[in-house]
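Presented below are the structures under discussion, each in the form of structure tokens.
Consider the two complexes below, in which chain A is the common component and chain B and chain C are the respective partners.
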Partner chain A sequence: MRDKKYRFLSQPRRVVEDRRFVAGKGHYIADYDHADMAHVALMPCHLPAARIDAIDASAALAMPGVIDVVTGAELAAAIDPLMNGLDTPKVRRYPLAVGQVRYAGEWVCAVIAESRAIAEDAIEHIRLETTALPFVLDPEQALRDDSPPVHPDHNSNLLLDKKFVWGPVDDDFAAADHQLDFCVTWGRNSTVPIETFGVVAEWNAWAQMLDIRASVQMPKYADQIARALGLAGNQVRVHYDIDVGGSYGVKRGIKHAVLTGYLALKLHRPVRLIEDRLENMRAGDAHGPERKFDVSVAFDKDGTVRSMKMRALDNAGAYAGRAPFQLGKPIGAIVGPYRIGSVAYQAISVTTNKAAQEAVRGFGQAPTNYALETAMDRVAAFLDMDRLALRQHNLIKADEFPYLIPSGSTYDSGDYHTVIDKVMAAADYPRLVATCNQLRKDGMMAGIGIAACLEPSGGNASFEPLLNESNQTTTWMESCQINIDALGAVTARIHTTSSGQGHETLVSTVIGEILGIDPDSIRVVRPNSLESLPGNSPVGSRMAIMLGGAAARAAEKLKAKILAIAAHHLQCDAANIDYQGGAMLSANGRHITWGDIIELAHRQIHGLPDGMDPGLASFDIMQVPTGGDLPKDGKVHMYPCYSFEFHLVLVTFDPIIGKPEIRSYTIGHDCGTVINPAIVSGMTYGGIAHGIGAALLEEFAYDESGQLMTQSFLDYLMPSSHEVPDIQLVKHCTPSPHTVFGQKGSGESGYLGAPAAISSAINHAVAGLNISFDKLPIRMSVISDKIAAATQHRSDSE
Partner chain B sequence: MNITIDINGKDVTAAIEPRVTLLDFVRDVAGLKGTHAGCEHGVCGACTVLLDGEAVRSCLILAAQAEGSQITTIEAVDGTTRQPGELSIIQDAFCESHGLQCGYCTPGMVLAAKTLLQHNPTPSREQVRDAISGNICRCTGYVQIIDAIMLAAERLQGRNQPADGA
Partner chain C sequence: MKINFSGKETIEVAPQTLWDAVIDPEILQKVVPGCREMRAVGEAEYIMAVDLKVAAVGGSFEGKIALFDMKSPSRCQITVSGAGTLGTGNGTASVVIADAGDGKSTISYEADGDVGGLVAGVGQRVLMGVVKHLTRQFFTSLKKQFTSPSSA
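Right after this comes the complex of A and B.
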């Protein structure tokens, strides 16, 4: 199937969703109106740690238009804590602070009023009495016994400390010619969508139904809301027809939905919570990983990297959330694209008095890739070897797939060397080197950065049982339903919101390809959660594989039924029918049209094969290919597919000013069979832009007193069109053997390697000064200061 | 206070608090939801509208300040010459190049593009880059947005651009 030329798949086709968006006719959560709507604003506490002594809302409640003020204590008495995938029952999390504030900006009460403006005004009239408590911000310090526990009941800041040894690590280190150790730190950044999180909850007491509309990208959202509020699963109805204004992982919104749901139940009013930018940045609980890596690598004189030890310490912030599991996903690609024979990995997650972390694009993979690629650069420098040659020497070769890595995952396919060759040719590497040298001659700092890395895709959740034995999750299914109506039109149902991934285009293209009909004639709709089949939302680069897979399988079932009806009518074998979309022709020249089939299926059961049900409908609930096993001996197979990307960049900057300019950016990308080329290239460019932000600009930086310093777009800097250069995208296709068309994931592409590549370039530029940058983001001020110090030191010693 | 603003050629009158922004007036009073709130302090450009033909940030302007001005939102980006469901040349170029993903910044981008092409019908890629540098997009990395605006410029040239622009 993969070898044939597709009619619609992989062809340049427009994205169905774009039409409504360019006209301003998307339907986002803030566009959802209701005549009787009540509005929520959230009161923060400004201390990083404090006991809540009293909240006096009487003056606020007396204001016209104020409906209610709800505190954490009221909530805690009425609802269950939010779900936590770890075994840490005393690390309780509620939508509002209960008894104690655990980070600066945390919400202590919710004000509900007739308008958002009134609610905000009322906050100024609430008296909050607190007693400041000791706090901790640094993760290493948080681990110490004398550190104040963020959750006193838990009596420690440790959420998770898992040690794995895969293969003969000690033997490999002992046998290796050399060893080197280093530490790098990934700063706390996030995806920061332009649309903040928002949710509207409506309780219908007559139907006993809670309707939720939200700007959300969260697996099992309805289940989690029902659990926390003590409702049955079929009393919560999440509507999936809300367009989400960007997410890239973070729009989980569980605390917001539980709070708003509680308020709707209590007040019998539709309640709306749309974060303002400050609420979002400071307390939306949507920061990404903040991770320190201590790495040791063992390698030989010829550049062979034998073994690696990695300690990853992640600062989860004040609550567990999904953060600890973001240390788990990278286990599925812990050696990157390299033949590293053994690995020791220690994953530590700690609480501190910073905002809670949420899933961010790549789920921890981009930081790990940054550490791995730094290791490759350091080994090359140590051996005085070319950085590219060292990588080529260690890369898994095309004929070695399927390739089992030490931690238990098997890589499906790849041709890393060819992708790199194509990139070197496309970027004209010798000319790039010449440009770099010329820039240096002209007095500029200039460096070439390279990064090779993997995008594990297909979104299995097997890191959950690996990190927590009592968690037995082994499926992460996705589903799709298709119906052909009595007029012959095809409608597919998908069971998720989308935040720009083009799922309607994905599904219509896949179904059109299999049924042989124009995808633009297929309508894709999003029912609510009660009308849906099981699914897990667009996380973990999984939708091309899983939603595309479920849609393809459902379409194949329909096609089989269509062929069976045709074979019965034409009195021939289904295998002999020439299926041509609109009309079926049999070998003997007789034919039956699409319209005839519809007529038979919908109106003439006497014309159908014996025992066949009427109608033309199908569904499919698809398990993750290759997934399903529980971990054994600290190992588990995680992802069905592994996409590959190779970044080659030239960065230059003035040694005094230190503002990096990306002079050239080429990426080679292999995500198997591409379903829609414009969607994949757009995601890759967007991922690179996000990676440039993580490498150079973006950080949720806290000062020593625990205050978030970057809480608006004026100080949390994101790449504009000036910071993102033109990008040369070199495509390659190594199909996956595990998916219906050979497709792999691409939703995290670009982001997974861009920070490593840019760090590599900047470090290459300053290598002659014997300095290095070991923490992201590498800000302009840090570059200029460090160069100034180094050159000062040099001139002092001359 | 009572104010009247000409939005997309229609007078919209309402009694509002003086603190209401033009953004909130457009969305909540005029009911035009294509203009989006992003950062709420003039950095991201998601709330871009045209005020007397020039791109401005509606989150930074009070509704009262806009009285007597003509406001154009994404809903009337091409005047009133097109039927619902019919895209302008710039909008069509954004679709052709897939110069968007989630669509949230897109109305602002389209209006920024319209303003640019009115002033400079044959921009270079660098000029396009400058023109959209005040509009933040987190999805696309801008590459396909710049492609879209270059394509729109080309098509507008080929079609004898009308006097009032795109």
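Right after this comes the complex of A and C.
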């Protein structure tokens, strides 16, 4: 079936959503208005750690237009702490600081007023009295016994310390010819969408219903809000028909929704909270992983990498959030695309006085890929071997799939060597090398970067029970409903918001393909959470597999019913009916039209097979393929599908100025069967741009006194069209055996390997100076300073 | 983030006149840039409210000022702590006034401080420039107090 040419799938079709976005007709949270709306602004405390002695809001409350001021103490008395997921009950988190401030910029109270402007002005009149407390920013320091605990009740900064040994690590290290140790650090960066987070909460006391509209990408959102506010699940109604202006993980919005939900319940007013950039950057869900890797690799003279020990120390920031679990997902691809036979992995998550970290594209995979690819480059340099040849030597071969890795996941399929060959040809590798050499001759620094990596996709939650035994989550389902109305039009329902993934295009394409009707005639709607079937939102690069899978399965159920009606009408066996394009069904010259089927299903039960229900509707609740087992002996199979990407870049810079310019960028990408080429390419291009930011520019940097130095786009630098080069995308398709069409995930593509590739190129450029860059982002100031120190350039001239 | 700065100015009045001026809240209100309010709340303790523009950001700051180790007319220590939309700030300055002869004085100061919030995050790149500018403005206004006939 996979070999057959699809009619709509994989075809260059327009993305349904793009039409309204390009025309400026998206409907975002800020577009949702209400005549009686109350507005929230949040007052920060700028100390990294402080006891809250007093909050005097009397002057603010006396201002015209100010409705209320709510503190953390009031909230803590009224609501439950936010969900944590770990066994750390004393690391409590509320939407506002309770008793103690734990990072600079943390919100200490919320001002509710008739307008946002009034609320902001009122903040100036609130008197906050605090006593500064000792603080800690560095994760290694935070682990020490003498470190101030960020949560005194928890009495330690350790959230998680899990050690895994998969396979004969000690034996492999003892037997290997060589061992190499290094340390690299992934800087605290994120995805930073243009639209900050926003939420509107409305409480209808007569219906006992809390309506939530939010710019959100958060699994189990309604459940979490209900739990924190002590409401029944059916008293919270999250509306999914709000366009989300970017996310890639960070639009968690749970503290915001719980806060505004509480305010709406208290004030009996619709309440709106839309972060400004400062609220977002300092204390929204803006920050992603910050991780230090200590890596040892054991390898032989011929370049065979036998074993790896990895210690990953993650700076979670002030609260648990989702940070600890972002150490768990990479376990599913801990050896990358390589045949590394054994692995020891230590995952440590530690609290510090920085903003809490949230989920970011790849959920921890991009940092791990960066560490793995650095290992490959270092081993090659040690052996004086070609970096590409070393990788090719260690890559899993196409005939070795399905391939079980030491940590328990089985890779579904792939043909890594072929993808690399295609990239080398497309990029004209010899010419690239010649260009690199010419640049060096001309006095520039130049280097070629390579990175091969995997994108685990089809997200489930297997890492949760692996990291926390009391968590028994083994399903991470997704669902879809389809109805064909009495006029014959098809409407599908999906149960999530979308933040640019093109879910409407995905679902209409898949259903159109199976029912053989034009996807543009299929409407995709988003009911609210109470009208929805269970789902887990677009996380873990899962929707092509899971939402596409549920839509396909629901469509297959409908098609089976259509065929059964046709077979009954034509008095033949359903298997003998030629289902043509949905509009025509024929057998032995007789035929029945789509219109006839609709008429029968909707109006003529006497014409239906005995016992068949009227109407044409179906639904599917799909479990993640291959998932569902609890971990055993520290191992678990995680995601079903593994997309592959190979990056080849040429970076050059002036040795004094140190500003990297990407001269050439080619990526080979294999995500199995592509459902919509424009969406997959867009994800990949965007992912590379995002990766360029992580590699060279973006960091939530704190100074030694705990102040965030990058609070706005003045200092948090994002890649622009100046930094993002033309990208050559080389496609390859190795279908997955586990999904309906052979599709794999692609929502994290590009980002998962670009930082590693760019780091590889810059390090290649400076290898002759015997220096290396071990921390991302590699900013131009660092490049120029380090080269200057290495060449004594600057000291000579001063 | 930490900031520290120091300097020395010559003012064309005798040390005692200068001393009396710099501990007078009414005069301070006139010479501290952006000062909206300066009132005594105790012996050598004041509440100050200023409106400032630092780089791209503007806002208010309210703080407490305390003078101690006062040795009229030659030296004192000043602590400032406060917060506002601009962020937080606190610091200590030591001020020494010396007789420069001819009815003139020199005033030298050394300040160590810590700022947080917007002023640290957004204003960092120009903070020292702004500090210099504000200090210059302060002394220019202070000198004017002694030359302009309308001053007390």
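Criterion: the second predicted complex is superposed on the first by the 787 of 798 C-alpha atoms of A that agree within 3 Å, B and C clash if a C-alpha of one lies under 4 Å from a C-alpha of the other, contacts with A are read in each partner's own complex, and residues count from 1 in each chain.
Assume a contact is a pair of C-beta atoms (placed from the backbone, for glycine too) under 8 Å apart; a residue touches a chain by one contact, two chains touch by 3 or more.
Because the structure is a prediction, the values reported are computed rather than measured.
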Three-chain arrangement built on chain A, chain B and chain C clash or fit
fit
Count the residues of chain A touched by chain B and by chain C, then name the partner with the higher count.
B
Check: chain B-chain A-chain C angle from CA centres, nearest 10 degrees, reads 70
For A:Gly750, select first, second, both or neither according to whether it touches chain B, chain C, the two together, or no partner.
first
Touched partner set for A:Gly686, first chain B, second chain C, both or neither:
first
For A:Lys163, is the partner it touches chain B (first), chain C (second), both, or none of the two (neither)?
neither
Let me test your reading of the model: by the given contact rule, A:Ser712 touches which partner, first (chain B), second (chain C), both or neither?
both
Touched partner set for A:His178, first chain B, second chain C, both or neither
neither
Is A:Gly24 touching the first partner chain B, the second partner chain C, both, or neither of them?
first
Kindly classify A:Lys397 by the partners it touches after superposition: chain B alone (first), chain C alone (second), both, or neither?
neither
Superposition-derived minimum Cα distance between chain C and chain B (Å)
9
Footprint overlap on chain A, comparing chain B with chain C
712, 714
Which residues of chain C touch chain A in their complex?
1-2, 56, 59-60, 83-85, 87-88, 114-118, 120-122, 124-125
Along chain A, where are the residues that touch chain C in the complex?
44, 46-47, 104-105, 123-124, 128, 278, 282, 703-712, 714-715
Name, in rising order, each residue of chain B that touches chain A in their complex.
17, 19, 27, 32-41, 43-44, 46, 73-75, 87, 91-92, 94-98, 100-107, 110, 125, 129-130, 132-146
Quick check on the complex: what are the chain A residues that touch chain B?
14-15, 17-26, 28, 30-31, 117, 191-195, 243-248, 276-277, 499-502, 678-679, 681-683, 685-690, 712-714, 718-722, 724, 726-727, 750
